[in-house]
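The two complexes that follow have chain A in common; it is paired with chain B in the first and with chain C in the second.
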Partner chain A sequence: MSRSLLWLDNLRLSFCTSEAQIEALRGINLSLGAGERLGIVGESGSGKSQLCFATLGLLPDNAQVSGRVCFDGIDLLTADAQTVQRLRGNQLAMIFQDPMSALNPYLTVGRQLTEVLRWHERLSRRAAQARAVDLLERVRLPEASIRMRAYPHELSGGMRQRVMIAMALLCEPRLLIADEPTTALDVTVQTDIMALLQTASERRALMLISHDLHLAAGVCQRIVVMYAGLFVEIGSVEDLFTRPAHPYTRGLLRAVPGHQGPAREPLYSIPGQPPQPDQIPQGCAFAPRCEQAFSRCHHELPPLHEIRAGHWRACHLDAAL
Partner chain B sequence: MTALLQIESLSVSYPLDRHRHLLAVEKVSVELPSGTTLAIVGESGCGKSTLARAVCGLTPISSGTVRLQGERIGSPHQPVDTRRIGHLVQYIFQDPFDALDPRLTVRKILEEPLRYLARQLTAKERENRILQALSEVALAAEHLERFPHEFSGGQAQRIGIARALVTEPRLLLCDEPVSALDVSIQAQIINLLLDLQRNRQLGLFMISHDLRVVRHLADRILVLYLGQVMEIAPTSALFGAAHHPYTHALLTAIPKSDPAAERERLRCTQAHLQPPPSPIARPTGCVFYSRCPHADQRCRTERPQRTRINEQHVVYCHHPVTNPNLSTLKSE
Partner chain C sequence: MLHFALRRLFSAVPTLFLIVTLAFFLVRWAPGGPFDRERPIPPEIAANLNASFHLDEPLWRQYLHYLANLLHGDFGPSFKYQDYSVTELIWQGFPVSLQLGASAMLIAVLLGLAMGVFAALRRNHWMDYFVMSTAMLGIVIPNFVMAPVLGLIFGVYLHWLPVGGWGDELRYRILPVIALSLPQVAYIARLTRASLIEVLHSAYIRTARAKGLPLRKILLQHAARPTLLPVISYLGPATAAIVTGSVVIEQIFGIPGIGRYFVQGALNRDYTLVMGVVVFYAVLIILLNLLVDLLYAWLDPRIRHAQRDAALTHVL
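== the complex of A and B ==
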């Protein structure tokens, strides 16, 4: 464990709302090496975004949290605010699905970039300006020096996402977290942004949230599949695609149209829907939708266990299957 | 046999202010035979929704005509009369929650179209239609008294589809019906649409930006760019022998099913497709000119006319290619 950059130890996160108790993360364990690229996939509501926020030490007011989030040996959940702030400024950075939510609408792109540089790196105005243009060119924003004077709303969605990535790369973070960075973009632009992330993460660790397994596979080395606040499978991209071990992962891979199976014939589909966050079933949360569920699945939570070197699964089925 | 839907040289423009207008759809011609699926693909803002909205009368037509079962139902002088044809053509929206009135029960939501579009029905017949539609989308009678917020996204989309079915339409205009849904739910809704099409001989006008979905569902595909048709082809021909440079660009944007191939695809992405030019200031020649690797002088000044590859396959390009060199696709 000593060599991992990020280490999550039995991370639990729940929300107390007036109506219900919502368990968003139900015991997450993860170790991410420096420079490693990890993809996290799962349906909406499975806890992917909360996992990102917790990793940044950002917790909503109504959240209760336990466990550990250690970045480079420092537990972000217990460290003082100043330390966390400093780490977030220059070691950890996040790219959001909607860049508008993270960019200041009243400041030009150039101003937002240079301000961070001047504050964090104490660069002169001119040096900061040059670095910012350089970064915008690195994220291949067309006509970077002109765009420095643009306000976020004057840019297309794809350009805004490039600016967001440039912002995230400003201080050369060691861990880049991207939460569905292309979901709101056109497919043509999506490819570009993914290619950019592939390059941007060459010298740093990446945690990429995506609901598209195939896209994540192009960028990441390892994939985690989440369901109802838990990891249900972890493995190398090759493991997951050539020998998916959890019934949910297998279902996800089969349900994508256009890759296999004859057109216009019924697609394989996973029956039912994910549980309501305040009504997660006992035992295996996937059991109500699982074609292979048996009685044990309904009352005993399957632990995540290693079925092959580096390949983990949370399922009661015989591993030999 | 006349097609279920015939769109002829249809244009739609939105007035922006007193002097300017935005030509969102320009001279689109296409047919949709009964019981088949026509998919409309293209980047956001290219006019997909406008085209669908014009077909069902939600947006006025600027020029051209729309025919349904051979009968002219819309033109600039004859706005589509939703009271007359609304029961035959129904719309399904991307965000099911947006499209359902949160204050109404499912029963009220399903009754609404019947009250306007099928007033001749008796109370008993209305009830039968509602129960029939509900069972076709695999919801139960017990759901009738609930409100939209009590349903998941997939279930809400089923309600949206049931609402479209009660009037016994011939044509469903599906505007990104699965884009907001998770993969596992998406497959369920795709299967539902396929079932309905088979059982009811429905025509589907299917808007989607996901070519994987389109490949599975569509019989024919129309590629739209900046309001104009670039290519129309049967699905297998579009995926196997596309002729338009823009179609090729869209095809290379599909994630590969094999991770190694996907890594390679991303690595080879040197083409940085920027958003299309503003629809207000349209180029005079080919609208794809600014991004096309095959563009020449003629493309800049002269708008390409329709070229027939065969009976089923048309392309609008001066230099159609089947095997393009995409690595040279221009950036902005």
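== the complex of A and C ==
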């Protein structure tokens, strides 16, 4: 296998609060090849957004990280601030969840776009301006050159997300991380943005965070299912949809309206709630909600193991597929 | 913007009217009068004096009389300093008060901002706690305590600086300016710290970090404006605090500014002088508040546009 672009090795992340030690990521191993499109799916609180922030080093002061985050052979956790700054926004770029709050309300769109080019590529004001307009046109923002002078609040939600995407693409990054890019948008706009994201991720690696398995499947080649700070299943889109191996993945697939089961039957939902991040059970974190759990599940953490080439799961159940 | 400024100016008229009315009747309500002495003056002279200042007329007529004069920009003659009009007295004291107040304000803003940013960037470090608890001292110690204590230490014990008086030399100005600005330095420092900490936690700062910008650029280009906004809006109340503080400080250090005239005027029941100073300061504070609002709107594009839209609907 060729050397991976992004390699996470036993990544652990916890937050120190006055009340408790909260574990957000409990040992993540991941390898993402150049040009690969990976979806990370899970409920809110499963740690998927924290995984993005940990990868980019955008964590608050009370965060404790261990393990390795290697981008193109450089460990971002131990590299000096300058090296990381040179990579961020340049080789690795991120699209945030809510473009309203993620864009600076006090600066024009143009200013927020051009500063990236002026800083990373040392472009002149005029050259940066031209490149930014060019990118806004590429993300199909109408009247791009006029929008450069607009403030974020003067744009619609969809336009703002287009600006965010353009901002991430400015330096042609090799890895694009998109954290729920359509959550804050109208359903009608979602489809457009996902199509745009698909085009944008050509020739580069994509890490798409979503709570919607089907949305991720539309864009990605491989999908990771996350639960309580751990990966519980990894597989190709086909593996996950035709042969879901983890009870949680199966639950997620059943809980989508109109996809499985006869009509008029009440929509399935996984019983119970995800564990509180400061009270993660010993053993399999999903066991308390799992209909097939047995005693071993409550005591022993199932390791992630390969059940078929490229298809991994963390579950004690017999591989009776 | 001009439309907004004019509308704000216009809306200040009722406020000013209310201030004038309240001040007029409050001053008259206080016992005693301008010509009361320990040894009473002969009744004929008192009657003459009262007549020449219209004090023998009913209060409501005096009030209307005062309003009419005020509309012509006439504050009337001083009761005590009879060779001077109130306007002359105010213009005599104003340059001194302005120098004192403007220096105090400048120091409050510069030092307050610097301390606040310093503390915010070292949040929960001992230096942060040190700066912030010092600032708390500045807030809780009233200036009528701070001023004599400063005079005692640096004037009486150390002989470094004069304990009072006013002159062109810097040494006369250090203590009064410090005593006047200290609570404002402290307040602005705490405000800046809280504001910057909040801004640094916002999503758009995380975006700026994700773009790979260095801390210097993040602070100056992304955090400066939103951090300044609450400080800017505090400048209105800060002006009022400096004006009232100046009344006390001028008295303590014997500085010949408007504040001193105000205190003298109040003690002498010099009605027109007190009224004049009140009106003058009210206008000053209203104008400065307007300036602050304009500055705020200029810094925050969302407000700027809301105003433009409001102005447009007015025109249409």
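Following the convention adopted for this analysis, the second predicted complex is superposed on the first by the 315 of 321 C-alpha atoms of A that agree within 3 Å, B and C clash if a C-alpha of one lies under 4 Å from a C-alpha of the other, contacts with A are read in each partner's own complex, and residues count from 1 in each chain.
Just so we're on the same page, contacts are C-beta pairs under 8 Å (C-beta built on N, C-alpha and C of every residue); 3 or more make two chains touch, one makes a residue touch a chain.
It should be emphasised that the depicted structure is a prediction, and the values quoted were computed from it without experimental measurement.
Engineer: Answer with clash or fit: chain B and chain C placed together on chain A by superposition.
Structural biologist: Superposition check on chain A shows chain B and chain C fit without a clash.
Engineer: Thinking of the overlay built on chain A, is A:266 touched by chain B (first), by chain C (second), by both, or by neither?
Structural biologist: Once the two structures are laid over each other on A, A:266 reaches chain B alone.
Engineer: Between chain B and chain C, whom does A:18 touch in the aligned arrangement: first, second, both, or neither?
Structural biologist: neither
Engineer: In the superposed model, does chain B or chain C contact more residues of chain A?
Structural biologist: B
Engineer: Where does A:56 make contact in the superposed view: on chain B (first), on chain C (second), on both, or on neither?
Structural biologist: Once the two structures are laid over each other on A, A:56 reaches chain C alone.
Engineer: Taking the superposition as given, does A:279 touch the first partner, chain B, the second, chain C, both, or neither?
Structural biologist: Neither partner.
Engineer: Touch test for A:120: chain B only (first), chain C only (second), both, or neither?
Structural biologist: In the superposition, A:120 touches chain C alone.
Engineer: Is A:107 touching the first partner chain B, the second partner chain C, both, or neither of them?
Structural biologist: In the superposition, A:107 touches chain C alone.
Engineer: In the superposed model, how near does chain B get to chain C, counting Cα atoms only, in Å?
Structural biologist: When the complexes share the chain A frame, the smallest chain B-chain C C-alpha distance is 8 Å.
Engineer: Which residues would you name on chain A as touching chain B in one complex and chain C in the other?
Structural biologist: Overlap of chain B and chain C footprints on chain A: empty.
Engineer: If you look only at chain A, which of its residues touch chain C in the complex?
Structural biologist: Spelled out, the residues of chain A in touch with chain C are 53, 56, 58, 60-61, 84-90, 93-94, 96, 98, 101-107, 115-116, 119-120, 151, 153-154, 167.
Engineer: Any idea which chain C residues touch chain A in the complex?
Structural biologist: Per the stated touch rule, the residues are 123, 201-204, 206-214, 217, 221-222, 225-226, 299-302, 305.
Engineer: In the complex of these two chains, what residues of chain A are touching chain B?
Structural biologist: 43-44, 140, 142-143, 156-159, 186-192, 194-195, 198, 211-215, 217-219, 237-238, 241, 251-252, 255-261, 263-264, 266-271, 273-274
Engineer: So in the complex, the part of chain B that touches chain A is made up of which residues?
Structural biologist: Answer in residue numbers: 43-44, 152-155, 182-188, 190-191, 194-195, 209-217, 235, 249-250, 252-259, 262-263, 265-267, 269, 272-275, 331-332.
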